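Which chain is which? They are A, B, C and D, in the order written, and residues in each are numbered from 1.
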Amino acid sequence: MPERAGRVVLDRFESHALRDNPHGDPHMRTIPVYLPPSYETSRERYPVIFWCHGFAQTALWGVNGSPGIPSLGMCMDRAIAAGAPESILVMIDAFTRFGGSLYLNSPANGQYEDYIINELIPYIDRTYRTRPDRGHRAVDGKSSGGFGALALAMRHPEQFSAVGSHSGDIYFEAAYRPLFWEFLNQVHRAGSVEKFLDDYLALPKRYDAAYIPALSMCFSPNPARPPYYFDLPMDLVTGELVPEVWARWIALDPVSLAESCTDALRAMKVIYLDCGNRDQYYLHFGARLLSRRLTSLGIAHDYFEYDDDHLYVNYRYPESLRRLAAAIA
Amino acid sequence: MPERAGRVVLDRFESHALRDNPHGDPHMRTIPVYLPPSYETSRERYPVIFWCHGFAQTALWGVNGSPGIPSLGMCMDRAIAAGAPESILVMIDAFTRFGGSLYLNSPANGQYEDYIINELIPYIDRTYRTRPDRGHRAVDGKSSGGFGALALAMRHPEQFSAVGSHSGDIYFEAAYRPLFWEFLNQVHRAGSVEKFLDDYLALPKRYDAAYIPALSMCFSPNPARPPYYFDLPMDLVTGELVPEVWARWIALDPVSLAESCTDALRAMKVIYLDCGNRDQYYLHFGARLLSRRLTSLGIAHDYFEYDDDHLYVNYRYPESLRRLAAAIA
Amino acid sequence: MPERAGRVVLDRFESHALRDNPHGDPHMRTIPVYLPPSYETSRERYPVIFWCHGFAQTALWGVNGSPGIPSLGMCMDRAIAAGAPESILVMIDAFTRFGGSLYLNSPANGQYEDYIINELIPYIDRTYRTRPDRGHRAVDGKSSGGFGALALAMRHPEQFSAVGSHSGDIYFEAAYRPLFWEFLNQVHRAGSVEKFLDDYLALPKRYDAAYIPALSMCFSPNPARPPYYFDLPMDLVTGELVPEVWARWIALDPVSLAESCTDALRAMKVIYLDCGNRDQYYLHFGARLLSRRLTSLGIAHDYFEYDDDHLYVNYRYPESLRRLAAAIA
Amino acid sequence: MPERAGRVVLDRFESHALRDNPHGDPHMRTIPVYLPPSYETSRERYPVIFWCHGFAQTALWGVNGSPGIPSLGMCMDRAIAAGAPESILVMIDAFTRFGGSLYLNSPANGQYEDYIINELIPYIDRTYRTRPDRGHRAVDGKSSGGFGALALAMRHPEQFSAVGSHSGDIYFEAAYRPLFWEFLNQVHRAGSVEKFLDDYLALPKRYDAAYIPALSMCFSPNPARPPYYFDLPMDLVTGELVPEVWARWIALDPVSLAESCTDALRAMKVIYLDCGNRDQYYLHFGARLLSRRLTSLGIAHDYFEYDDDHLYVNYRYPESLRRLAAAIA
C-alpha cells in the first residue's frame, strides 16, 4: 500500500449538451475526481488524466476496488509511489441506458463528444487547480473506454497530448463481428429488434445485453428510423453484412482512424497500448493490428501483451498512468 | 430517477481492533456513508442502516452503479421515493486479502466483529446525526454480506432491531460444500494448500479464487497452524468431511444460529429474506430452509423468492431498505 | 494400427427377465460381440470379458470409434497386439428409457441383474466358443459401467474372477450429491417430479437429463409409488437429505459394497481401477477412497490416476483389457 | 419401436484411391450397411442412400444409438414404418487423422472424392442387390456430412438424384470464421502451427481440436508446404483474412457451389435442408442463405428450421430419409 494516498471526491456535473438526449438519460452526472496527495496542502496546478470507463459501466466503476483489484484512485496512488508526477485523474461518465455512448456524438444517444470536449474539460479546468492545456492533458481507458480514449485523442489532438488504451475495442472485425450471430439468435427469439430492445428496457437488471444495438446507436445512427434511431450492419435472417452500414462502423474503427487521423497520432507524446493475449472479445488481434499499423506509419508507441484475459486488468493501470503522467508533467 | 437524491461521502475510518491483524490488511478503511436528501438542510437525527458487502468486495462496491444496476445510494433514494423514512446508510468494510472476514472475529483474519460493534458503530454515532440506539439501527447485506447481516443481528440484538439478507450464505451444505471438490482439484494441482495460497497471493489480480480457505479462516481458524492459521473441513485426498472441523462451520450456519440465537431473532422488528430461485451458489435452498425454520419457531419474517440468479440483484434492495427504514424510523 | 484385427458381430439377444419391464423398454437387445483375430480359423475356446457401457448409452456405444478415439474392438486389438491373450469381448446392454439400469434388478426398471447373470452369460457360453467358468470370465466398464462392473463382480464372484472400473461411479457423496441441487431447480421449473419426467419422455432427443430420477429408480425404487416407482433421497424444497432413502443409495455405493462384499473382492485375480484427476463428476475422489479402503482391507489392486477428465478415455482401455485378459487366460 | 427392423452389417472395404494417402490413414475402412427388413427374404433390388458422417467421426458413428437418440439403422426403420420404400443405407467413411476429409480430394488428405465416386459406389452396386443408377441413388448427411452430401450431389449429379443436409456446413463466413480467433490463440500458445499439429497428433485422445487446420487441408491444400501441406486463410498474428486463400475456401462453400453447379441442383428430385435455429456453429444462417439462394434461382427444395441446437438431431433423420427414399424408389 502506498503511504501517501490521494483523495476521491464525487463531483456532480450538469451538462447542457446532454440535456434532452433521445434516451432521456440524466444530464447530471457523477464525476469522481482523484486529487493527488499534495493537492490539499499545496497551491500548485496539476496535469490531468481523463479516464474512459467501459461498456455498461458508469464513471463510478472507477471508484470501486479492493487491494486485490485496485480502484483507479489506488492505481494512481501506486503510479505516484512508482515515481509518476502527481496528477489529477478525472473519471468521465458516458453511460447510456443501452450501455454506452462510446464517447461519440450520435443522434440516437446524445452529444457525448461535445459534452466531454466543450463542457466537462472546461469545467474541470475552472473547478480544480489544473494545468489547462493539451500539453498537460492525457486520456486513458479500458475496453470501450480504450476505444473512447483513442477516438478522443485522435479526433481532438488540440485537447490531449498523450493517450492510453487497455484492452481497447479495436479492429471491429474481431471485436464485434463474432458477436453478431448470437445477437441475431436473440432477435429471432424476441421477434423483432424493436421488441428485443423493449424487452431489454423492461428488465429489472440491465447490463450489457443490448451490446450490438447500442454499438449501432454509436456507429450507425439513423434519425429517420424511430423509435431507436439506428441501422444494424447485418441482415437479420442470414447475418450477411450490409456493406454501406458496416462501412460506417469501419470508418470509426481505430485501425481506420489511425489512417484518417495520422497527424493527431504523431502529435501524441505517449501512445500506450496493451491487451491480454486471450481476451474474450479477441481484442488482442486489434491491439496487434493497430500496433503494426502504427509501426508502418513510423509512429512510436508502447505495446504490451500480457498472458491474461479481458477481466480485472486494473493491475496494469499504474504503469500506463505513470507513463502518461510523466509525459504531461 | 427519484427527484430528491442523497449524497455519498467517502469517509475514512481507522480501527484499533484491526491494527496488527495477521494478514497485514489495512486498519484504515474507506467507509462510504449515504446521507439522505434532507440531511444537509435539517438538524434532525436519522436512523441508520448498516450494509454488509459480499465476498471479494470492499465497501466501495456499494458506490458503484448505473441506472440499470443501481448503487446502494440510488437504491436508498428509490426506497425514500417509495415512502421510506429518510435514513443514513453506512457501508461497512470487512475485506481481507483472501476475500472476506464474514464479519466475524477470527485469529486468522482479525477482530472484525469487534471493529464493527465496538468501534465503527460508535464512530458513526458520534460523527453523524444518528439516532444512536438499537431501535433505530438495522443491518442488511447481500451474499456473504447477507450472512454478515444475519450473524451480526443474531449475535448482537443489543445493537440492531431489524435485519435483511439478500441471497445470503445460508445452509452451508448447499452453499459451500459443492465447491469443496473443485477446490481440492486446485490444491492437487498446486501441490499443497500452503502453496495454493502462496500462489494466490502472488496473482496480479485477486478476486474470489481463495474462497474455501478464506471461509476456513472465518469458520475454523487454528492459531496453532501457521502460516495461514486454519483447519480445512475435508480430507485433501478423498474429500471426506472432517467431522470436528465441519461441526465448527455448521455451528455458524444461520440455520444453526437461528436455534442458538432464537431470542435475538424474536427481538427483531423486521426480518427480511430473499433469494433467486436459480442462485448459482444454491443459496435459495438455504433461504427456504431458514424461512421454514423461522416459521416452525413461530418467528414472523418476510421471504421473497425471485425468478433470478445470484448476480446484480440490486433492484431488490429498495424494497428491503424501505421495510428496514420503516421499522427503525 | 494392429495388423491382426478381430471382428465385431452385432448379435441380437432376447431376454425373458426383461420382458414386461415397467418402462416397456425392449426385451430384445443388440449385443455386439468382439471375436478375436484367430477365432474364425481356430477351434479353440476363449476367455470372455464383459463390458458395461455408461449412462445414457447402449451397448452399441462400444462399436463406435475412430483411430483417435478407439472403439472397444480396436482397444481389444491393441491389447492383443500388446501381448494380451486372445479373448472374446461381449458388450452388455443395460439401457433404460431414463438412461440406465446400473446393471441392477429394480421393480422400477426391470430385472437387469437377472438378465445378465441368468440369461446373457449362459447365452454367450452356448453361442460362442468360450471357456464357461468364473476363472475365465472378467467384467469391465466405464462410468456407470464401472459401477456396474464392480457391483456385478462383488455381488457375483461365482461368475467373475477379475474386474475393472474406469472412472466408475464410486462414493456417491461426491459423484451424485453435488448434482441434486441443479436437479431440484429443474423440478421447480417443471412443477413436480412427475411432470419433469413426463416432459423428459416427450423430448425429441433424450440423453442424460433424467439422471437423478434414473438413479433413484436403481437405488431407491418404491413399488408403492406410481407412476414411476421410486423415492427421491432429498427434500424437494430445501434439498435436505432424506436419511432413510439416502441410506439405501449408500448401501449400494461401491465404497460400502467393498465392506459388505469383502470376500468377493478377495476372490478377484485382478482389480483394476483408474480415473482422471479432474473428472467432471468428481469420480476421482471415489476412486481414491475405494483404493484407500481396499488397501486398508489388505486387498491387492491396481489404481492409476491420469491427468485427464471424464470424457473419451478409451485410450486407457487397452491396458485394463490386457490385464484382465492375462488374468483369465 | 417399428416392428420390422432392418439389419446392419459391418462391411470392410479396401480402397485403392486412399492407399498411400499423405497421412498414412487406413485405406481399409469399415462401412456399415443397413439392409432393409425384406432384403434377406426377397430377391429384389433396392435403391441406395449414402450417408456422410460429421467431423471427427467415422462411419461407425451411424451404428451407435439408443431409443432416445436413434442410430441411422433405427432411423431408417422408422422411415420405412412411416411409409418410405425399403432402401439400403450405406454409411461412407471419410475420416482422417485430423478429423475429416470433407469428402473432397486433396493432396493434403488423399483422394476421398475419387474413393467414394469411383470405388465405393461401384463396390456397393456389385456387392448388394442395388438399383445401380443415379435415379435410384441419394446422398444425405449431417454437419460436415451435410456439406459432404451437398458437395457430392452438386459435383456429381451423374451419380445422385436426391440430396439431404442436416445442419450442414454452409456459409463459411458464419460456420468457420468465428472459430478462427480461438484457433489463433491456441497456435500462439503452441508456438507455431506445425507445433500445434505435432502436439495434436501426440494427444492420447484426438477429437476435433484440429478443426481449422483440418479444414485448410480440405479447402486450401498446398503441396509445396510440408509437412502438413496446406495454407491457412488468415494472418497468424492479427487474424486478417488472406484473400487469395479465403477465396479458395469460399469457392467450395455450398452457397457458392449453388451458383457454379446450378444445373446439378436442378437435376435433383429432392433437395432437403434443415437446421436448428440456435445451432452452436451458426449453421442456421447458412441454411437460410442457401434456401434463399435456391429460391432466387427458382430451385424447389424443402427447408425446415427447428427450435434446437446442433447436437443429437437424429430424430430429424427419419423424415429426410423418407423423402429421399420416396424420390429414388
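In this section, contacts are C-beta pairs under 8 Å (C-beta built on N, C-alpha and C of every residue); 3 or more make two chains touch, one makes a residue touch a chain.
From a predicted model like this one, the values you see are computed outputs, not experimental measurements.
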If you walk from chain to touching chain, how few steps can bring you from chain A to chain C?
-> 2
Go ahead and note the Å separation of the Cα centroids belonging to chain A and chain D.
-> 46
Chain C and chain D, separation of their C-alpha mean positions in angstrom = 33
Residues of chain A that touch at least two other chains are none
What are the touching chain pairs in this one?
-> A-B, A-D, B-C, C-D
As the complex stands, chain A meets chain D at residues 171, 173-174, 178, 181, 184-185, 188, 237-240, 277-278, 282, 285, 288-289, 292
Considering the complex alone, what residue numbers of chain B touch chain A?
-> 1, 8-10, 25-26, 56-58, 60-61, 63-69, 71, 95, 97, 99, 203-207, 308, 312-315
